[in-house]
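Order of writing sets the labels: A, B, C and D. Residues in every chain begin at 1.
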Amino acid sequence: MAVRIIYFAWVREKIGRPEESIELPAHVRTVADLISYLKSCGAEYQNAFQRDDLVRVAVDQIHVKPTTEIVDAREVAFFPPVTGG
Amino acid sequence: MAVRIDTVDFNIANEIKKLTANRSDIGAIVTFTGTVRGATKSGPLASMTLEHYPGMTERELSTIELEAKKRWPLTECAIVHRVGTLLPGENIVLVITASTHRHAAFEAAEFLMDYLKTRAPFWKKETLRDGTAAWVDAREVDETAIARWQTT
Amino acid sequence: MAVRIDTVDFNIANEIKKLTANRSDIGAIVTFTGTVRGATKSGPLASMTLEHYPGMTERELSTIELEAKKRWPLTECAIVHRVGTLLPGENIVLVITASTHRHAAFEAAEFLMDYLKTRAPFWKKETLRDGTAAWVDAREVDETAIARWQTT
Amino acid sequence: MAVRIIYFAWVREKIGRPEESIELPAHVRTVADLISYLKSCGAEYQNAFQRDDLVRVAVDQIHVKPTTEIVDAREVAFFPPVTGG
């Protein structure tokens, strides 16, 4: 299943692109699984997720925790804690 | 209810007029305007660039507004948030609350800002006058500010 | 610091501009606007007439502003209060507070309104659509609102 | 000594004039003394000060209590509790 992955702010800058479509391996079931999988895909992901406690995630535009399942997700976004207002 | 993301500036008087024109049931209107400060911890600011998550932003702001309307007797409320590159002194965000009661309008506006700062997907990048640029860190104190609404 | 009694309407955007033009040290601006409500306990309102005590009004408002500036780190604040005869929906009062911190701006604006409502020598007379007129009674709740600032 | 006495809102309406200059008798030393004295001056004052707990007073444009001395006052104002804002 292909999922749209979106990056914002310094997560985007470290990964080097604003978004991509990724075919998820069957063992990737949660947000935490996805982060582990991405870290195995290259240095830019290892760099972006080096301190994964600093990275926030939204699944289908809703704030979620690392334990959230993503098997039915269309869109997963990674970003730093928000700083608007 | 009204939520708007915009690259251009807003005029507070016009935004209030949109909500209150031809109405005489209001009594109290509170606005909060956030502006770009010219000084940062690291030195004088050249500009501030705001990035957001289109789609999720509107969804989060609408949820926050709905929550405010559930908690306080608001006749109207509105949020306008700018994105793009802004100069020191420029407006960033506008929150408007209208109610028959002034305390409701004040509390709801403060609530909207506290939630907006911790939930709405915006990110600020500061470019200093010396040319260096850095993403603004989330502030611990904003998390503390939001906590008080969760106990009431 | 700015205090003004006026018979004509104010424009919030212009009043903010007067305080903040060419400044980049602010960050947070809160406004409160009080407007004439069209419904009263006794029936629909035709107009509201505001009387004040010239001289004492300016003195009281300046004292209240000074007190707010002592309690919170405000960069600016302003009060505009209208007098004379106003129609439903029209603006009565405007309070503006500006600070580097949003919570300071919110609290100071609420403080200014609470004090203004219990200390500043203004009196409202309501004229109903049926032609009857009556002076508005002071509200107990305004005295309660001010009490909280006296314990902090 | 002549003092300027000013009235506002329904106090003004009951007394029937916005202000007047009054020569204070020597025994009038406090706000409360002044109210008693005015009440002896006519029905309009008795009417206005009938419930003197509803009347507020300012001496030289400062809120004061009925016990405040007014022997050096230039201006004494009587009015209902304020209702601005």
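Note that a residue touches a chain if its C-beta (ideal position, glycine included) is under 8 Å from a C-beta of that chain, and two chains touch if they have at least 3 such contacts.
Quick caveat: nothing in here was measured; it's all calculated off a predicted structure.
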{"item": "Steps needed, at minimum, to go from chain A to chain D via contacts", "value": "3"}
{"item": "Chain A and chain B, separation of their C-alpha mean positions in angstrom", "value": "27"}
{"item": "Between chain C and chain B, distance of the C-alpha-averaged centres to the nearest whole Å", "value": "23"}
{"item": "Centre-of-Cα separation between chain C and chain A, whole angstrom", "value": "49"}
{"item": "Of all residues in chain B, the ones touching two or more other chains", "value": "34, 113"}
{"item": "Interface hub residues of chain D, defined as touching at least two other chains", "value": "none"}
{"item": "Chains that touch, pairwise", "value": "A-B, B-C, C-D"}
{"item": "Of chain C, residues touching chain D in the complex", "value": "34, 50-53, 55-56, 59, 81, 92-93, 113, 116-125, 135-139"}
{"item": "Complex contacts: residues of chain B adjacent to chain C", "value": "11-14, 16, 20, 22-39, 45, 88-89, 100, 102-103, 105-106, 109-110, 113, 145"}
{"item": "Of chain D, residues touching chain C in the complex", "value": "6, 8-10, 58, 61-63, 77, 79-85"}
